[in-house]
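Chains: A, B, C, D and E, in written order; residue numbering restarts at 1 for each.
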Amino acid sequence: MKIGYFPGCSLHGLSREYEESLKAIVAGLDTELVEVDDWSCCGASSAHGSSHLLGVALPARNLAIAEEQGLPEVLAPCAACYARLASARHEISEDPQLAGRVNNVLVRDFKNTVRVRSILEVLKGQIAGIKARATNPLKDLKVACYYGCLLVRPVQVTGGYDDPEDPSSMEDICKAAGAVPVKWNRRLDCCGGGLSMSRTGSVVRLSAAILKDAKAAGADAVVVACPMCHSNLDFRQKAMKHRGAWEGDMPVLFLTQVVGMSMGIDPKTLGMGRHFVSTDSVLARTAGTGSGSGTGTNSAAAVAGEVG
Amino acid sequence: MTELRELARRLLSEGTVNAVLGWEEGPRGARPAFVTTPEGADTLIFDHRCVHNLASYLSPRRPHLKRLGKVAMVLKPCDARAVAGLIRETQIPRDKVVLIGVRCGGVITDPDSTAPLTEATVADRCRGCPDREGHLADHTVGTAGPGFAGPSKRAQKIEELAAAPAEKRWAFWQSELEKCVRCHACRQVCPMCYCDRCLADKTQPRWIESSPHARGNMAWHVARAMHLAGRCVDCGECERVCPEGIPLGLITRKIAQVVSERYDFRPSDDPAVPAPVGTYRMDDPQEFIL
Amino acid sequence: MARIGVFVCHCGENIGRTVDCHGVAEACKDVPGVVHSVDYKYMCSDPGQQMVKNAIAEKGLTGVVVAACSPHMHEKTFRRATAGAGLNPFLCEMANVREHCSWIHEDREKATVKAVDITKTIIEKVKRNVPLNTIRIPVTRRALVIGGGIAGIQAALDIADGGREVILVEKGPSIGGHMSQLSETFPTLDCSQCILTPRMVEVYQHPRIKLYAYSEVESVEGYIGNFKVTVRRKARSVDEDKCNGCGACTQVCPNKKIPSEFDCGLGKRTAIYVPFPQAVPNLPTVDRNKCLLFMNRAKGRPDTCKKCADACAKGAIDFDQQDRLVTEDVGAIVVATGYQLYTIGKDQPKDNLKGYGEYGYGTIPDVIDGLQFERLASASGPTSGKILRPSDGKEPKRIVFLQCIGSRDPQKGMEYCSKICCMYVAKHTMLYHHKVHDGQATVFYMDIRAAGKGYEEFSRRAIEEEGAQYIRGRVSRMWREGDVIKILGFDTLEGEPIEMDADMVVLATAMRPQPGIDALAQKLSVSYDQHGFINEAHPKLRPVETNTAGIFVAGACQAPRDIPDAVAMASATASKVLGLFANEMLEREPTVACVNEANCAGCFHCERVCAYGAVEHKDIKDRAGNVVRVIAYVNPGVCQGCGTCQATCPSKSVELQGFTDEQIWGEIQALGV
Amino acid sequence: MGSHEHSHDHSGPEPLAARVQRMTGLNPACCYQCGKCSAGCPMAAETTLRPHDVMRLVARNRLDKLADADGLWLCLTCETCTSRCPNGCDPARTMDALREIFAAGKDGKPPKAISAFHKSFLNQVRNHGRLFEMGLIMSYKLGGGPMFADVTTTPSVLARGKLGLAPHNVKGMDEVRRIFAACAEEEAQP
Amino acid sequence: MDATTPAVAGGFEPRITAFVCNWCTYTGADLAGTSRLQMASNVRIIRLPCTGRIDPMFITKAFERGADGIIVSGCHPADCHYNAGNYHARRRFAIFRELMDFLGVDTGRITFSWVSASEGGKWRDVVNDAVTRVRALGPFTDYRKLVVDPVATATGVVPPEHVGKEVPA
């Protein structure tokens, strides 16, 4: 299977482990990612909050390029990019006038034919393959699947590939990888999103509540599919502790890393060492990875040692 | 052809039907024929000269066919649409007629012509016709030619007229309709015109002035077009038989286009598909209504 | 030869001010066929009408044209006067020179020219009018009532008490409807069953009511006064004549774990069951989907369990009973099929209904709907009237009610207001506080709609005297933590978010029409809205009639209704039915279509465009009795007179009387230059 | 009566509600103030102006009141409000439109830190076509962000190989700049 | 320019025939009257029970008889007194209008509208707009002068027996 691929800025920056793990698992799933040529930033919340047209035109540029490349669909693994791209597609298709304005701005003959897929949508279609390749099923790993805001809603934009209020695709994917999803309550709550830098206090409040709920539900790790959520839940744990909002260490994994671990891929390849909260506890629970390679700041060597 | 003749012979000899309606070789080309004996089946032909829409003979306005009892009829795919129309409008019961579908690759304009079937001679309605065989048939015989690509000249003329200013269209139609002598051949040949007493013949009140002048002619052709809206099967017989050469097909084709664009309807050879006039959708377009 | 009289009215100054009425009368004198043309100050006055009558008698008029106001104003008046003079009333027509002329123009000259034109068109029309006779249709003076809830019961009793026979068809095993499930009713808090049960018994014992319970309407043919209805009497597997309702069968049935429909799944019933103790008729019914014998039969296995049959001393159990079809002739039909509630689960019956994922799609066991609360509060309910929550049987100390679930919510449910929820939630808080003295009821609402006699006082009492907490705002999300339900809401009056714990939550879900209402409406050819509610003929002036003559509508199948509304509507339908049945023959205006049999080609375009199904097929036979032609026939009892058939008919073989082609042609001719 | 509204309406001849409706295609009058949006809003506890307040003020043409409040700028664009709105209003889109109005005019007063962040972000995209995170952090802090926040964490980010030190420019920079310019131009038109 | 005042004194005044349904537009026109809404006096109304009753032949006949413009008006969708007559009319006249256009008739001469019983003001606007429009188009002599032979016209108009003498046009 061939699918267009829009990495987005974060996957080439703060969340490069997301891209690393994604590329590692698709190889095993007979999927080829065709990167959108010379892609540019989707504009994120900054663009659509300052100019509606800009907020549509920036993602549309990328969809137009994908269309010219002959790609019928594009995977945007970053939930924020996904939301911007899918919204742009939705709005342009609903509003012919806007479509005209966008084409004027882009100076391209964009027909809006490219479907935008989220990581959940794509992996959901590969569940059988994930199951088949789970040589190292994560038997005892209890995961709290965290969707956040933009992966499954609003349903007009997502096309309803999953239930916006009671989604199940991430749990299904984790189950295919052998992990045990816990039942918890805050999987659709907001982590604080783009206010991470500008208003850290809000992020601490919101993200800590999420982590606490995951912990109360007995999760060993939180699974995410969004660089922003990852950054807020992982990187900001230190700030949470500093402000007394949170105790303990909750590993936060990208969904692709969970799938990768189940496939027995080297933790280093999956970028497990790039997290701020150590993933050692997770790796320990999912013992069976025969690689034994170091994982940077994590003492994965020790993990590998425990296997024996 | 052998296949057709053998089938006709069998139907006649087994007594399934009392007559087979098809075409035979006439003194001036192909012509419709009634075959009532098994031996007569050998005179039947079907080729690109079989232009006529035989469905007209099924119209209750022509009781001589009815008198023959159960008949079989040879049908081109386009003729099948007319038969479907007659069944839809309860003019003939489906079980009272045996339908022999012939596969078709187009016919020429003039049945009397000896010209071969070429891009130049093909009947306009066959240009772009997608149907090589009809669905409404008890038997299907023959082989289909490749057919002809569109667009039809009629469609081109319609576009040309539509692009012209209204006065030009008015002048065009007045010069054409002026010629009409009100012989009503267009009505007589039309398979879908089957009323016992036509509106044009009514005198109380007289909606359509009967003498041949442009005003009455206008009323007649407007009435005809409205009555055929969504029902015309585009067999082109009206235009073929018009002694004055009025391009009547332009009007029926134009209305068919309107019906197709507005109501997504094309004449079907399935009697169960309802005609678009006589039905409605709550959200039919109404851009022309204030 | 036509002899037309023209009568031009000044209407005081109303017409005369801008129209030269005398001039109009004079101008009309020159119109061929006009033998009399006069003007007068007030044509509708007694002397004015007398002028018309005298002229008819003295001049031997064959037609009357009154140039005055709109026909909607005085057509009846002048037709009556015409008839009074012995001329067929349909030979009189009005020329509207007031509303359509004098009142909308100031230029006297132009207005007068126009008034002459208007009068001339009507003169030409009247020349072509023919005498018409009022149509008389025989009426079968029996009624069918569909639905045995409170609306159907009331309609049936009123019609039967009025002296006419009634067939009452109820889909379920017992009549009583939703009202029989209710605990107490607002705003008086009287016991629902106490007031309903006597009426149910009355229905059962009424000599003029024939009750078909556990039955459904199979098909309906005919038209006002003359319906033929086929009713499917579903097999109960119990012989009604033998059964004495002792209940021994239900005692021995081994399958006792079936969720009871009557208790909204909160209680259990057996496979052979009587839905509730007061059921009418008091007959058990075998649920063939749940009975072990039938489940075995479905799998091709031999009959095993026959315990109920063994226990029946009367031998009334009949496992081989079949559905029976019975036909009934009736003259009028009352539709009273009632409502159902919006389901709180994830699976929704229609695409536009989305369910509430944010409330867990009802997966939290202690989230119930209003009818379930009624069963909990009912003395005859599964908890004997104690408020106990379904999950663990504990008494909830904190109960929360959410209003407008599925109502006023075009995104997930219906855009309409379900009307009754504000009141029953107020009632629920009271019932709860009466039963749980140390409990607290909280209501999340958007608006309190308490328009009804005693309603506002009632809802205020719930708040002011009974201690219910009302919070204005919708709830965003609910989830379960341990055995507590967490509620995330917003108090829009206080302006603060609320996170609240509850032990039990009651959703006031929307009222929707019963499933299958569309199929029934199609059988009856009555129209329904996008939600499935039956459309009334006119929202103000014909609220209990449908668009099909002779079919009436009562209760919550027309729109959300409370009990007093439903009962009032039911009585209204009864008075309509009894009015219809007052005479043996039904009289109708003769503005109906009529087929020219000689010309009709039988294409049935008319049938396709008729909105009323008034066009029938008629066989024309030769002397030997062979069908030679099939042509159209318009049933004058069904035709409403729109004339769409005539405009559609290619050969103009169908004519709308009163608006024939000749008449219209004459009018157009009159306007010629 | 009406003078009250007029005195507070700074939106010029076109009332705010109409303006927002033109921008969003949604009718602000559709909001019936049920508060379900605010009930689910993650920032409801921190702001004085919740989604339903915003909808109300738009419907009442109170641009002045909207300008005074922080709610618009604290919005996380999580769209919980929109996805749960029973009446098909779109508070998230409405707030986008309001931010756009304020960004274009001089009425807007986004909190300094937030405004600086968005400005820096867009500058990065305008100049490089993609987000250059290191550049964002630098420019944000210089542009008015809290100077010392996150200073301690930055090295650890670098250590994990997460931050690139040099920006990556897309090849189609001309096009990106043109998009920015064209949008600015079109928005500037009345 | 106001429809109620002619363009030039003694100038062309169009003759417009209106075919309207009894329940909505006729009643709406009544309401215009009771509300004393002033409008152009060029329109003559022919009352039908329903737009479904209006035959395209009415329109061709009215043109033949010298109408310069036509109005067809009835109940709004979903408001039809007879449930569906207006829906059938809508299809019929959509096709008819395109036909007339194709034959070269300026469709500005034929106005279709939905005017409910409560829309007296709308009826006035429909009337005034139609009058203004047709006045600008000029007299529809094209149609009237189609007849070359006046004798043929006279024989074409056969009055019903009981009508009495018919005045030739």
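The rule is short, and it goes like this: a residue touches a chain if its C-beta (ideal position, glycine included) is under 8 Å from a C-beta of that chain, and two chains touch if they have at least 3 such contacts.
Quick caveat, the model's predicted, so the values are computed rather than measured.
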Problem - Neighbouring chains shared between chain B and chain E, ordered by label - result: C
Completion exercise
Note: of the two pairs A-C and B-C, more contacts are counted for B-C
Problem - chain A and chain D: spacing of chain centres that average the CA atoms, whole Å - result: 24
Exercise for the section: Could you give the separation in Å between the centres of chain C and chain D, each centre being the mean of its C-alpha atoms? Expected result: 51
Handout entry: Centre-of-Cα separation between chain E and chain A, whole angstrom
Key = 66
Practice task
Indicate the residues of chain D shared as contacts by at least two other chains.
Solution key: 45, 80
Practice task
For chain B, write out the residues touching at least two other chains, lowest number first.
Solution key: 199, 204-205, 207, 277-278
Handout entry: Residues within chain A bordering two or more other chains
Key = 164
Fill in the blank from the handout: Pairs of chains in contact here are A-C, A-D, B-C, B-E, C-D, C-E
Problem - Residue numbers on chain B that touch chain C, as the complex places them - result: 60, 89-91, 194-199, 202, 204-205, 207, 227, 274-275, 277-279
Exercise for the section: Using the touch definition up top, name the residues of chain D that touch chain C in the complex. Expected result: 32-41, 44-45, 50, 52-53, 80, 84-88
Completion exercise
Per the touch rule, the chain E residues reaching chain C in their complex are 15, 17, 26-27, 29-30, 32-34, 36-39, 41, 44-50, 52-55, 58, 61-62, 65-67, 81-85, 88-89, 92, 124, 144, 157, 160, 162-167, 169
Completion exercise
Residue set of chain A touching chain C in the complex reads 163-166, 185
Completion exercise
chain C residues touching chain D in their complex are 358, 404, 408-413, 446, 472-477, 488-492, 495, 497-498
